[in-house]
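In the two complexes that follow, chain A is the common piece, with chain B as its partner first and chain C second.
This part shows the complex of A and B:
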């Protein structure tokens, strides 16, 4: 299996580390594999006999990849089996990932991605392109990091119809809301704490306004429920107006407040919602959770780490293994 | 795909109903399928061109299946692709399921089962037999009903090592403990309530002494962690000695009490344990839950309905679909 890695930020390097450290173990599943190219937005390196990944990581940490080849040259000119597309997400136009994924699928090459942008912008187009070219597009890592969602619904719950989904798809928001529940302190104070801990970005808009959760919801709804939803179809309310008083009243009545992303046949919505304290979605810290309503299995809940470079790598690795061993 | 159904109790009939009602939908996954034989402990019927399943259900409800053929004759003499083995569980000697499954695997036929007994008694033997004869044994329905466990760990978390598992594997116990937590009433009273609601059996030993949870734990530990554990390896304490006072003290300290089944490299144990009230395993009612500790994905939790004929049928159907479309 010849692999190329397009994008070499936190996720790309996380995958690379796992491919190095677990090589012997992963060969049981993947057979012989080698990475023949690694690129990022400013450089790229290739060796059709397989790169020394430890050296590539070292180059990246010491000033960046050399400028031997660009991402698009790798995709157009090299001969490979799987592209791991892990460039940064852009939910407006999906680029540069959208072009990368399109070009791979057009030449019949399988893609594994953690990049939400292309799937939010062009889910059906990409799925149809994959089908037409007998290629596969795997995207477990786009939704919920290490929390299994796509394969759980498609394989573990195969034969079920997915009627609705409802969950917590952003760990930063969940951390902030968990802390507000516990401390009954204002949003702004807790947000500062989250920034200091590296849980919230300096500009937290993408998380706290529900953009990240909304993007994941679009992908989940399209993949699991056969919809063709776009990002603009998501009604969206963030968490920045929540007050300690709201939590106080909720708690007195046996509830907490969480940012819930919900999709059904009628709407897609991300908004703060009351959740009973003993409900499986009343989770704490940076965890993510999803409730999947099915026609046979009842409601199934999954809870896991929604972010982290090794956790996201785990989702990418499981997609790689599935590419090798199954069609669904 | 030619299917035989061995065992026609609640689960066998649940599967049959789904195969009838969802036929058009399931053909997308399974292709053309027909059930050519159905048997139970007192009778059996077959038609190599495919049975009319509605009529078979009707016969069963009106006095039982005819005595055309026995289970073992079906397995030895008919030509089929998959056996759905759903006879009652016996954790002492695994019979009659153990013989049924052995005979199927010996002739290279795939088996899907909800029967814990054979897997508790002879897990490694059966897995080796399957491998040797290029057949597959699927057993999602033996552990946690509609709660995905086996495929979740093997496929969704493929590439991870499973370090330990910990969970709630018996809905009857969880119902009783949830109610004791809420009402602070004695075990005996709540048990009576559960019996009246049909949640506990008249003889509740199998559930409340942790036998059912222990059997599931053996299967999960063997399948996910590569162990060769037997039922006797499970340290086991039931819930019948728990008092309202114990719950009172636990609650005052932010905990509840649940019957936790746990397996790691050192022990397999089923016992009442303190669980923090805001922990994902602090679930209520008849739900089941499992925490899977992995080396890459962190801890993943899954929660779902652990029993019910349609829910168990869902797990069997997903196994059938996987047989059709993947190897793992």
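This part shows the complex of A and C:
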């Protein structure tokens, strides 16, 4: 299996580390594999006989990848089996991931991605393109990090109709809200704490305004429920207006507040909701969770780590192994 | 039709129950159940009888009058609201934007009402939080009343936090 890695940020490096460290173990599932190219936004390196990934990681940490080849050149000119597309998400236009994925699928090459942008912008188009070219697009890592969602529904719950989903898809918000619940302190204060701990970005808009959760919800709704939803279809309210008093009065009545992403046949919505304290969605810290309502299996509930470099790598590796079992 | 439950006190002798049933029948009421509470017999030896029925709302006063005119003691009667409730939070300038008006909009629907409310105001000019319990005659109407509330709050810049 010849692999290229497009995007070498936290996720790309996480995958690379797992591919190095677990090589012996992963060979049981993937067979012989080699990474023949790694690129990021400013450079790229390739070797058709397989790169020494340790050296590539070292280069990246010591000032960046050499400028041997660009992402587009890798995709157009090299011969490979799977592209791991892990460039940053842009929910407006899906780029640069959208172009990368399109080009791979056109060549009939399988793609495994953690990038939400392309799937939010052009889910149906990409799925159709993959089908037409007998390629596969795997995207477990786009939603819920290590928490199994896509393959859980597609494989383990195969034959079920997914009627609705609701859950917690953003660990940063969940951290902030669970801290507000425990400490009854203002939002701004807890947000600062989350920034210091590296749980929230310096510009937290993407998380706290529900954009990240909304993007994931669009992907889940499209993939699991067969919808053709776009990001603009998501009714979206963030968490920045929540007050300690809101938590206080909610708690007095047996509730807490969590940012809930919900999709059914009528609407897609991300908004703070009152959650009974004994409900499985009343989870704490940076965890993610999803309740899937099916027509045969009833309700299925998953919970797990929604972000993190190794956790996201776990989802990508599981997609790779799934591809391997489907292909060869 | 309104669901009504009443408790009447009947003397323990033949021909008493008919005095209650006859007016119900004549006013078009539909009896659901009749329970004699013999274990709750009153010191004067009368037996409380609980009657559940459905009757046109406009005929309730007349019914009670007719029963009492026959010398029967009507201990109590209540309209049954098959209520479903839900709780929600409102965050924003709840008071400044005329809370009365917000609550009235729900109450005047006739099928839903605000049955409980707690308001916390942290400081002057800071957003306050209201915990509201809504009650309606059925799930569908409850949903409709939440829709009305959301619409009003949207126009007033108040955030509504719905339950799951």
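Criterion: the second predicted complex is superposed on the first by the 326 of 328 C-alpha atoms of A that agree within 3 Å, B and C clash if a C-alpha of one lies under 4 Å from a C-alpha of the other, contacts with A are read in each partner's own complex, and residues count from 1 in each chain.
Following the convention adopted for this analysis, a residue touches a chain if its C-beta (ideal position, glycine included) is under 8 Å from a C-beta of that chain, and two chains touch if they have at least 3 such contacts.
Just so it is clear, the structure is predicted and the values come from calculations on it, not from any experiment.
Once the two complexes are laid over each other on the shared chain, residue contacts for A:25 go to chain B alone; chain C is not touched.
When the shared chain is aligned, no partner comes close enough to touch A:72: not chain B, not chain C. Of the two partner chains placed by superposition, only chain B is touched by A:147; chain C is not.
Chain A is touched at more residues by one of its partners, and among chain B and chain C that partner is B.
Of the two partner chains placed around the shared chain by superposition, chain B is the only one that A:321 touches, whereas chain C remains out of contact.
In the superposition on chain A, A:253 contacts chain C only, with no contact to chain B.
In the superposed pair of complexes, A:163 makes contact with neither chain B nor chain C. Of all the residues in chain B, the ones that touch chain A in their complex are 18, 22, 25-26, 29, 140, 146-148, 151-152, 155-161, 277-278, 280, 282-284, 287, 294, 296-305, 308, 310-311, 313-315, 317-318, 320-322, 325-328.
Residues 166, 237, 241-246, 248-250, 252-253, 255, 257, 260, 271-276, 279, 281 of chain A touch chain C in their complex.
Partner chain A is touched in their complex by these residues of chain C: 87-89, 91-92, 118, 120, 122, 127-129, 131, 159, 161-164.
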